[in-house]
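After this come two complexes, each holding chain A, first together with chain B and then together with chain C.
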Partner chain A sequence: MGEMEELRKEADNLKDQITEARKVVQDTTLQEAVAGTTLVGRVQLKTRKTLRGHLAKIYAMHWGTDTKLCVSASQDGKLIVWDTLTTNKVNAIPLKSSWVMTCAYAPSGNMVACGGLDNMCSIYNLKGKDGNVKVMRELAAHTGYLSCCRFLSDSEIITSSGDCTCILWDIETGTEKTIFAGHLGDCMSLAVSPDFKMFISGACDFTAKLWDIREATCRQTFSGHESDINAIGFFPNGNAVITGSDDATCKLYDLRADQELITYQDSGIMCGVTSLAPSLSGRLLLAGYDDFNVNIWDMLKAERVGVLAGHDNRVSCIGVSSDGMACCTGSWDSFLKIWN
Partner chain B sequence: MEEGSRDQGQQGVGTTDPEEDSPNMIIYRKIEDVIMRIQDEKAGGVAIRTVKSFLSKIPSVVSGADIVQWLMKNLSIEDSAEAIHLGSLIAALGYLFPISDHVLTLKDDGTLYRFQAPYFWPSNCWEPENTDYAIYLCKRTMQNKARLELADYEAENLARLQRAFARKWEFIFMQAEAQVKIDRKKDKAERKILDSQERAFWDVHRPVPGCVNTTEMDIRKCQREKNPQRVKKSVYGVTDDTQTQSSVHQSLPSQPARKPTREDVQKEISFLNMQLDRHCMKMSKVADSLMSYTEQFMVYDPLASTIEPSNPWISDDMSFWDLEASRDPSQHRVKKWGFSLEEALKDPAGRDAFLKFLESEFSSENLRFWLAVQDLKRRPLENVAARAQEIWQEFLAEGAPSSINLDSHSYELTSHNLKDPGRYSYEDAQEHIFKLMKSDSYARFLRSTIYQDLLLARKKLTEGEQGRRTSLEKFTRSVGKSLTGKRLTGLMQSS
Partner chain C sequence: MSSKMPSSNNVTQARRTVQQLKIEASIERIKVSKASADLMHYCGEHAKYDPLLMGIPASENPFKDKKPCAIL
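The block that comes next holds the complex of A and B.
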């Protein structure tokens, strides 16, 4: 038996043991445990605002922490910061590369970041002295497209890329601090834990990985999806992870039980999940799909309790503001909508 | 890398053949599964029949209502709106089409639909060139049939293509003529069907202005196309060397998913060993914690419950946000501080109240240390080293004025970190102190009068009582203040 074969056998053996260990703690399933809980009543959200201004597909959006501002990125080569209450454009930032795939708002509100096919993460300072928004840093090291980026603070940002790695950068020096390698397929999305100590990444190898930011290691890997994971997010208490995939399902994985808790799927849903966001309490899961709709799930009972139908093309991004007041959706139809 | 997965009733055959090029293939296979079932009349499919129309017969059609009914029954869809949505998706992708409209949606009425021929299915990876489209539009103008007349947008497209292909128009014209000849040989009824299917094909690949082009792919997925240089097949069998390579993604190198190497597997093994050592929490406990968390926070979740005073998006009244930001917190807000120490510290008013309580016990150094470390993490790099030293002097050095209690291991680790001070030098220490506060002073805080007064919104004391109490309170507070005052203002910059 070749060495590779022996190694693979050892790995498979360990995997079997882990599966056994996981079975041991399955004294119940989430479905059984919530059998006595009442289903959340039908959730009917309405479009309160439509943000018009982009001229092409919107690929990403991110709420600022002040709960009224958000940033969006479109293939028309613009990054727009919106006051979602008045629908005014606070900033309209022209980009060097129009093939933008992601954007992020710093928690302080001082910066935004974006990136895409240029393989770089560009950081823009919104609070420059003369009032102009300028590029502050261009973080270049990835050898694949930039799929997602999230600020830890004004001095650090984490990016995920089509080169299968994620990187933690120091913004001030513009250098890579840590490279998180391990995925075997393009990393499509990432999310930072509420305590800023960990982050999770979803990739085209159908797995999600939990990383310790300071220790620079992969803590856990979650599998079960049958296709690319496009979207990922933390449950609000930081103890569970939600993923959305091209296999048309979303899954909830618990970090402490180290396994999948439940799958959100329906025979009538055939299109892949592009984006997701939990509501403030974690009771509701809002997920955007390729079939132009957003489905709202009762996260505990795994049943659909609402639909947001209003876009004329794929819903590419979704976010819930930090006070849970509003949900924002962005679409290939070039519009953003605010719902609640 | 599949580990034991728990399926909850998989539907459809949907196999993901890694050799298949298009990223949309997964959904195409699912829909094809449905399409084959719906057309199978013997196995409960819809009735596809010939309908008599004004002067002629319309072969091979089915009504929109029948399709909607079938979808609801066979895919367990309860809501007809959902069935219509799914049916419209199937139409938009090109698997069925209305015989009298270019717009590909499904209506729940007597509108007649036809199924697309497998030759034209999107799963065949069609990317028809403009030369094919030009041939198509051209041949339609050659035939004298009312039903083949060009729509306005098609006439515009044809004009545009004539200009673009001016030099090879003769070639296109010849191809169109050849196609017309081939078509004429076919049976009349068959031709009706084929013509409509061909038109539906072009409705997918050259949609009516305003309609979504469902063949568009996410550019991130395009990057992984295995064979971007493959020759695109022509609808009309045209092998034209001058066919151009359009679209951006074609010119970029593809990045195939890497195959695992020996090193990868070895890393995996050590990772798996680590996993095996971890302690897994029982599912029942996990479920309980999820349920109690959502239950606690649901009243604070605007998407799940009604929020007081009102939703600013609906009422245009900002008082909700004003209340959240005010340093004079409502009972509702104060209640949240009791859920966990994390929640209390998230709220600036909560931090103030906790600090006030600790000061009254003369044990505020833990919280002040925690706050100082949070602040350190946000400092610009140039200030970090100096600040880190200041924190050491204040809280950890021998004889420190606000000495905190760390176990020897954590103390040594922190002291070591400070040889090369950085933003995260105090991570370990901070975690320890947090745990200490959580298990000790936090619980007492929740029982304290400071917290309880806010929680129960107790009315202020009457004047007489105030007189007696406050002089003692004032004294103790002033003593406390003179000791902590200076250092407090220096450290309390965050929030």
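The block that comes next holds the complex of A and C.
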């Protein structure tokens, strides 16, 4: 087993090199850098709308790019497209499998996707000729549950799975273009960079990975969390990544410095983070927790500046509309709430 | 932490791990001071356009229900 031993040593050496290289550029900390910055004032958002209609736990929601429509997925076996201004249901799509864990709205507004314990990603065409919403494609190849999906366009979608991989699909042909393997635990969440060139994944191996979509490679791996990463998102300029974990913390990792900059934690928070979304400027981080609340953090100062308390069960999903005007939360209490 | 990688080809897996670590070790890194400054700058530049941060006047809030006024 000479080669295994050598490879193990080489791996350890490389890991040490990476740790060293990260230390070399650590000439300060974000905490020190923002010492002179004033903390954001208390943020108090009110529930403006409650979207009622689901009959069971809501597991996921995603805003459309038009900033008024959003899609939600519930284990009542339905995807509902909502007009958040009027609270009307634009579409109520019955699913073949009610064990849905994720949903996504295509940037064009033409399609939605969902998936879950059926291990598949189902694509629905919202703009069919006869007005009926039908399954357009069923993307099947994952050998584990579908935890998250995000459209790149009407022809490509990226999925993350409990089988530890992420896949880039060609929706037209229904086939896998690229398989992104490397995580050592279930992939729980993914987010696409603002320029659509990269995506990040968070997994049950406690790491987040940055992937180059076209080169099909993993560029960077970020550690530090002490439990599963459930939620992940990009800072609005695409240069940093935010993660939320079962270890009750969120972390900010800078991509160009290749390291963690700060941790969002509080001794009073002892439950897992389920979901997160930055505000438009990136200054606020809204994170949903298992204790039914959303905590609002000053992303630079890493202090809590607000709480959204309004759900009667776990907040499972959260999203900020693309114009930053509103935050939507979805919960196991079967309701979605719009806040601003 | 669960590992679902097949254990049958350990050497191949170990080679892949080393290969991946080489990629990750070779990237260019910028200083944390620069990374921090850029984040702060971005936040500063965009703060005034961030409705959740700045607050939204009732008249401009499409989500706020407009209550009708009754003249008694």
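As a working rule, the second predicted complex is superposed on the first by the 334 of 340 C-alpha atoms of A that agree within 3 Å, B and C clash if a C-alpha of one lies under 4 Å from a C-alpha of the other, contacts with A are read in each partner's own complex, and residues count from 1 in each chain.
The working rule: a contact is a pair of C-beta atoms (placed from the backbone, for glycine too) under 8 Å apart; a residue touches a chain by one contact, two chains touch by 3 or more.
Treat the numbers as computed from the prediction; the structure is a model and nothing was measured.
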| item | value |
| --- | --- |
| Which superposed partner A:L184 touches (first chain B, second chain C, both, neither) | both |
| Touched partner set for A:T37, first chain B, second chain C, both or neither | both |
| Partner chain(s) touched by A:R283 [first = chain B, second = chain C, both, neither] | both |
| Contacts of A:E260 with chain B and chain C, given as first, second, both or neither | first |
| Touching partner for A:Y124 - first (chain B), second (chain C), both, neither | neither |
| Chain B versus chain C as contact partner of A:W211, first or second or both or neither | neither |
| Chain B or chain C, by number of chain A residues touched | B |
| Partner chain(s) touched by A:N239 [first = chain B, second = chain C, both, neither] | both |
| Overlap of chain C and chain B interfaces on chain A (superposed complexes) | 3-4, 7-8, 10-11, 14-15, 17-18, 21-22, 24-30, 33-34, 37, 40, 43, 45, 48-49, 85, 144, 163-164, 182, 184-186, 204-206, 218, 220-221, 235-237, 239-240, 254, 256-259, 261, 279-284, 286, 299-300, 320, 323-327, 338, 340 |
| Residues of chain A that touch chain C when the two form their complex | 3-4, 7-8, 10-11, 14-15, 17-18, 21-22, 24-30, 33-34, 37, 40, 43, 45, 48-49, 68, 84-85, 144, 163-164, 182, 184-186, 204-206, 217-221, 235-237, 239-240, 254, 256-259, 261, 279-284, 286, 299-300, 320, 323-327, 338, 340 |
| Complex contact set, residues of chain C against chain A | 1-5, 10-11, 14-15, 17-18, 20-25, 27, 29-40, 42-43, 45-47, 49-53, 56, 61-65 |
| Chain B residues within the chain A interface of the complex | 1-8, 11-12, 16, 23, 26-27, 30-31, 75-77, 82-83, 85-86, 89, 212, 216, 219-221, 223-224, 248, 252, 255, 257-258, 260, 262, 264-269, 271-273, 275-276, 278, 280-284, 286-291, 293-294, 296-298, 300-304, 307, 311-314, 320-321, 324, 342, 377-378, 380-381, 423-424, 427 |
| Interface residues, chain A side, partner chain B - complex | 3-4, 7-8, 10-11, 14-15, 17-19, 21-30, 33-34, 37, 40, 43, 45, 48-49, 67, 85, 99, 101, 108, 117, 144-145, 147, 153-155, 162-164, 170, 172-173, 182, 184-186, 188, 194-195, 204-207, 214, 218, 220-221, 223-224, 226-228, 235-237, 239-240, 246-248, 254, 256-263, 265, 267-268, 270-272, 279-284, 286, 290-291, 293, 299-300, 307, 309, 312-313, 320, 323-327, 332-333, 338, 340 |
